[in-house]
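What follows is a set of structures to go through.
Next come two complexes built around subunit A: one with subunit B, the other with subunit C.
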Partner chain A sequence: MSVSSAGSPHDSLNTIDNSINKAVFYFILSAITWLALSSLLGLIGGIKTVIPSFLSTNEGFTFGRIQAMLNTTLLMGWCSNAIFAVAFWIMARLSSTPIKHGGILLIAGVIWNIALSLALIGIFIGDLTAYSWMEFPSYTSGIFLLAYTLIAVWGIVTYRHKQNDYSYVSQWYILGGLLWFPWIFVIGQFFINWVPVRGVLQSIVHAWYINNVFYLWLCPIALGACYYFIPKLSNTAIRSYHLSALAFWTFVLFASWSGLTYLIGGPVPVWLTTTSIVFAVSLIIPALIFYTNLIGTALSSFSQFKNNLALKFIIFGSAAFILHLFVKMGLSIRSVDALAHFTMIYEAHHWHLIYGFFSMVFFGAFYYLVPTLLKHSYKSNVLPNFNFVLSALGIIILLVALYGAGWQQGTQFANAELSFLQIANDLTFWMQLKLVGLTILFIANLLFAFNVVALLLSKLLDVLPNFSNDEINPNT
Partner chain B sequence: MKHFSILLFGIFIVLTSSFLGLISSSLNQLGGLKQSTESLELDDAGELVLVDGDPLYPMKLSGSSEQGHMEYVKLGCVNCHSQQVRREELGNDLQRGFGQRVSVPRDFILQSNMVLGYSRLGPDLSSVGSRKSDLNWHLMHLYNPQITSPGSLMPPFPFLFETIKISEVAATSGALEFPEGSPYAPENGIAIIPSRRAVALVEYLLNLDINYNLPEAVVTKNDTGE
Partner chain C sequence: MTQENKDLDESKELQDDAIQEIHQNLLKDKELPKEGFSFLPIALIFLFAGVCFWGGIYIVTHGGEFRWDGYHPDFVASDKSLSIPEKSLFEIGEKVFIAQCVQCHQNDGKGIAGVYPPLVESSWVLGHQEVLARILINGMNGKVVVLGKTYNGNMPAFGPSGLNLKPKQIAGVLSYIRQEWGNAGSDITEDTMKNYMAMYNARTTPWTSEELSLNLSPEPEAPSKDTDIDISDDNKMLDTHGDEDHTDSEHSNMILSHKEHS
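Entry: the complex of A and B
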């Protein structure tokens, strides 16, 4: 798969790219495999909310387990592998340093995926935990942690040994994300699985865990990618770059403290949720800076935006993210929460982050990364462009369906005359719309996987005959 | 590399502060909660009195209810059902009868697998045991929710039940009692028997009830409904 023979050996960019080629491709292929599996699980879950008896005779396929497998494949499969692929490459590029010991990275990646496969089998046979986004059985958490340590250490070492004196905001986000994740993971596992605290304390740790995994693991890396790719692909400097440091520190601090808004109105001390509300609303400061830094930069070079596929994905993702932050601020207000709590608005909000922001940014990153590493570009942009249209459409339909469903649920909850059965029945339209969105996303994700694999294969087909010629005629 | 140390320090402070501020402090505040020995009830004059000799609240679950709780976790019921009664200004949980009082932290101190819930695609189950106390209804509802609640979005759990020929087994007393003429009823001579897991799960559901008095959360309505 590696194409180390191509390019001049003195070209430092090539050296950097080649240093992690195998590992990056391993992570890319794992990421798209898990993405495909997660969209299949999402589709099954979507069908089940329209036809509850679908696939219900087998215990492993019951709705709760499908949901648990879906969350696990998305978070630990697609998101994590995509992060490993992109974060190391950006880190190496910006630090002008090749990643050393790419082989260990590869082995660690294999261990990570073994842990994930075990986790999915565990969930299927009923070893899931009661906590969303950490449903993987506790016996796999140690393996995840081991693999992660072996992986992350190289990113941090690379930054430490960087060959230039610059330090980019992208690097801060990536370094932060790489350091925060194991810590969040250990705290979550420690207080919930290893030495469990009791009662609502678990719910508090759980809310903190979900929030921090989302906003201090997925978001920083995706933001790092935005800050790297947007100026690079649109050939302009980030607008108001001097504010980006402020955005970094305010975002990570406020987001980390804002976690307990998930528990508004629950049986927890009110001061806890109030504190989180204050921080959640304060997210308006970084949100406005992100708007200037990311969207502002893109708008100032609109013509690039139209013609550059990767940039389109990344700008869509950035816009979705800023919208996501405003929804988060809104949801933290008590009167809004009174309507939104327990509705599908929260499900929508999670999809909004993972698909609308994270996945779109990483699709864009992959569409830049894969051709660059292969030194082989798409002959025609039709399929990748179609991928963008499908993904964007699927996400918009899915989010409209879920936010709409949640809003309707919320207004109906307020009417005590309506039974829950009636409320669930009235969701039919929205659930069907959700299924349409999930189906489009399923096709879009398969198309994405196809595009990446097809480029890889076409490169291999280009390279292979040359190898065989070389062997036959070593003198030429 | 001065810059590197400052960055690392900042990264460290961000997460430590939110851990100390949100998790450590709540461990501090709530970690010491114990079961209550006090029990408050309304007497005839409508005044609160302490009753002696009452059991501890919240009560420990029986072994088989505890097993039912594990089934609840393993089947992912928490995806669609919550177990918390919210304050009046945040919804009409009390009006809907999800409980006769709001949930408080002490209600949950014995649980090590919290299923507080975050979604209500189905109703809240805080006090489902007192709302629906019919064992057969719950078993039937698990076997196929369409029998008891037509149009429900809840999946059926047929794998928690066994289908047997009546002649084969002497004791079929535990078999599901289907309503007359139900299209979901098995043919004559066939019985649907709940597995031990189904019975444990229903026993757990029947035991869910927060309509007891705690010093900080008093049931406002008289238990007898008078």
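Entry: the complex of A and C
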């Protein structure tokens, strides 16, 4: 069963992988479960925008709660579990240090998922909050925080005990993301749920929270994964690597300040939005560096890119991210925002980040990680490749539908002669297109879950007959 | 098994320690001009500078001057006067009274029997405005009869020869003592007070009670705001607090207004 010659580097790699693989598999399975649930919820929501009477008998299935459950499953279910699975493994690999106390990681993961289940039940029965992307009831936030603390500390401890003198850019992003998230989470919960601030201050905190959860939690970890997998899989060094430090600091600084562009035109002191606009436009600096670092590296080794499934996912995600940043810059301009505000363009923008960038990168990471940890690869790459085609097609259709719908909405809102109902009716085509996109994504996500689980099962079937084989025992 | 593991052949990939080492070396080599390396950093530096320049200008011109009350991108702080409610003479006077007068004349305005004369129902207070103004501007000493009792005290001056209060403050405190504690006198307006101060600021000796009732000009029709004599310039030269006064009012008049959008 050995992968290649049993040299010492591979032994240490095995030690690292074994130190964490129970926890990683737990997080992987949780992540794909929540992903499947979220795509089901997305599909229900998509159907309801076309056929409003669908599943309308129970108040738990009203569009608002479905949307709240979708956001919560995506953010706290799929994204967070995927982060826990991939970030710790990359961190351990790059630090050449096994993760100690993987068991605690596992227990913390169970607590996290219990909190998430409670949150979903809470939303279903109507305990949701009024703030998008933090709809989970406030009584679950403490449990999330407890679980998170138990999880994140191992990533930081691993970095602290790294065996190398130097640190690689992926480690900065992962360490940063692990440290920033609790701060963002606590501030958001504190000022909105626990000790609510008054008036427009709530909107300001909320805009700051959404922005930072996206750009200081999801993005850093996904970028860390890109910076790890792209040179590794394409077997080349990152192009213009020395700029990556500049990209790191400018991205963190600018992105964290750019959140209040959501409030352009709102009743907040104008210096807040103006400052955010300036920082959002400044994101062009890190965006260009990301382009050189990530896409440039991949293009310089195009042959690997074509044949490597994981790399295809990750390059697609990176390209989507750079496009996302340029859309963000555009949306921050006041005259563009005047048209885009209150339209589906913002919904599209969120999908763009969460699915186009984050999910695609993590699909790629999983397609590398699962076979590596199992030491067992796909007999045929047909289904995984089909997964890539479906995912890419689905997200492109969804984004075209939502950006198109938003643009049409915006131009029609500006026309005083059209009634709101008329505008809503005119969106029918785009909503049908959105449903097509969501359906394709639903199938793609189920296929992804199937592929991962099938590989696990085939490995188990392989192993069961000779269960005493030492090499598959993680404790060796 | 080897066939199955063809994708797992990690020799085709960069190993984890190799990732670190290669990139660490790249960091060391960054000064060396290499193909494809040189253009981007220079362009980036220019772009960075451009973004900073634009950002600075944009924040200054559209940042609402970092004020809590600037809500429009084209906000400018304007000094056009708006109707910010001003404090009444009575309120100003109350403050001055508490700060300057209560030690002697007491909170209830009744003074201390035999030492400090009362203000309540006193004919000095409720009588001719000019008398009262003279006492405040220049002070008073010697014997004075108030409500049938004789006092022999020393009232300090509050004009330029004494504590140097502003006309508005003296007008305020006089209006206050004429209307508090059941007194029913009229306001003494700021303009009236400026008028009196123009007449008596130059005097340095305190008044005596006999002098006070001599050479009185006709009492102004209170509380009329019209004065025939324009003494403002004159007054400004005499009033050392003039500048401060000016800034205060400018401050209170700083009102947010949105520039007309063209």
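The rule is simple: the second predicted complex is superposed on the first by the 457 of 476 C-alpha atoms of A that agree within 3 Å, B and C clash if a C-alpha of one lies under 4 Å from a C-alpha of the other, contacts with A are read in each partner's own complex, and residues count from 1 in each chain.
Here is the rule we use: a contact is a pair of C-beta atoms (placed from the backbone, for glycine too) under 8 Å apart; a residue touches a chain by one contact, two chains touch by 3 or more.
From a predicted model like this one, the values you see are computed outputs, not experimental measurements.
Undergrad: In the superposition on subunit A, see if there is space for subunit B and subunit C together, and answer fit or clash.
TA: The answer is fit.
Undergrad: With both complexes overlaid on chain A, does A:Ile238 touch subunit B (first), subunit C (second), both or neither?
TA: second
Undergrad: Could you say whether A:Thr33 touches subunit B, subunit C, both of them, or neither, answering first, second, both or neither?
TA: Touch partners of A:Thr33: none, neither subunit B nor subunit C.
Undergrad: Take the Cα centre of subunit A as the vertex and report the angle out to the centres of subunit B and subunit C, nearest 10 degrees.
TA: Taking the centre of subunit A as apex, the angle works out to 50 degrees.
Undergrad: Which holds for A:Arg334: it touches subunit B only (first), subunit C only (second), both, or neither?
TA: It touches subunit B and subunit C both.
Undergrad: Under the stated touch criterion, which partner chain does A:Thr15 make contact with: subunit B (first), subunit C (second), both, or neither?
TA: neither
Undergrad: Would you sort A:Gln408 into first (subunit B), second (subunit C), both or neither based on which partner it touches?
TA: Neither: A:Gln408 stays clear of subunit B and subunit C.
Undergrad: Quick check on the superposed pair: does A:Pro269 touch subunit B, subunit C, both, or neither? Answer first, second, both or neither.
TA: Both partners, subunit B and subunit C.
Undergrad: Using the superposition on chain A described above, determine whether A:Ser301 touches subunit B (first), subunit C (second), both, or neither.
TA: It touches nothing on subunit B or subunit C.
Undergrad: Quick one: subunit B or subunit C, who's touching more of subunit A?
TA: With both complexes superposed on chain A, more residues of subunit A are touched by B.
Undergrad: Quick one: is A:Ser377 in contact with subunit B, with subunit C, with both, or with neither? Answer first, second, both or neither.
TA: second
Undergrad: In the overlaid three-chain picture, which partner chain does A:Ser138 touch, first (subunit B) or second (subunit C), both, or neither?
TA: Neither partner.
Undergrad: Please give the least Cα distance, whole angstrom, that subunit B and subunit C reach in the superposed model.
TA: 5
Undergrad: Output the subunit A positions appearing in both contact lists, the one against subunit B and the one against subunit C.
TA: Residues 167, 267-269, 275, 334 of subunit A touch both subunit B and subunit C.
Undergrad: Once bound in the complex, which stretches of subunit A touch subunit B?
TA: Contacts found on subunit A: 48-49, 52-53, 56-59, 62-65, 67-68, 126-132, 159-160, 167, 172, 175-176, 179-180, 183-184, 187, 191, 196-206, 208, 212, 216, 249, 252-253, 256-257, 259-260, 262, 264-269, 272, 275-276, 334, 337-338, 341-344, 346-347, 409, 413-414, 416, 420-421, 424-425, 427, 431.
Undergrad: Give every residue of subunit B touching subunit A within the complex, in rising order.
TA: Contacts found on subunit B: 1, 3-4, 7-8, 10-11, 14-15, 17-19, 21-23, 25-27, 29-31, 33, 73-80, 82, 84, 86-87, 89-92, 95-96, 102-105, 107-123, 144-146, 149, 151-159.
Undergrad: Would you tell me which residues of subunit A are touching subunit C in their complex?
TA: So the residues of subunit A in touch with subunit C come to 1, 3-4, 9-10, 13, 93-94, 96, 164, 166-169, 228, 231-233, 235-243, 246, 267-271, 274-275, 277-279, 281-282, 284-285, 288-289, 292, 334, 371-372, 375-379.
Undergrad: Flag every residue of subunit C that touches subunit A in the complex, lowest number first.
TA: Residue positions touching the partner: 1, 4-17, 19-20, 22-24, 26-27, 30, 36-37, 40-41, 44, 47-48, 51, 54-55, 58-59, 62-73, 75.
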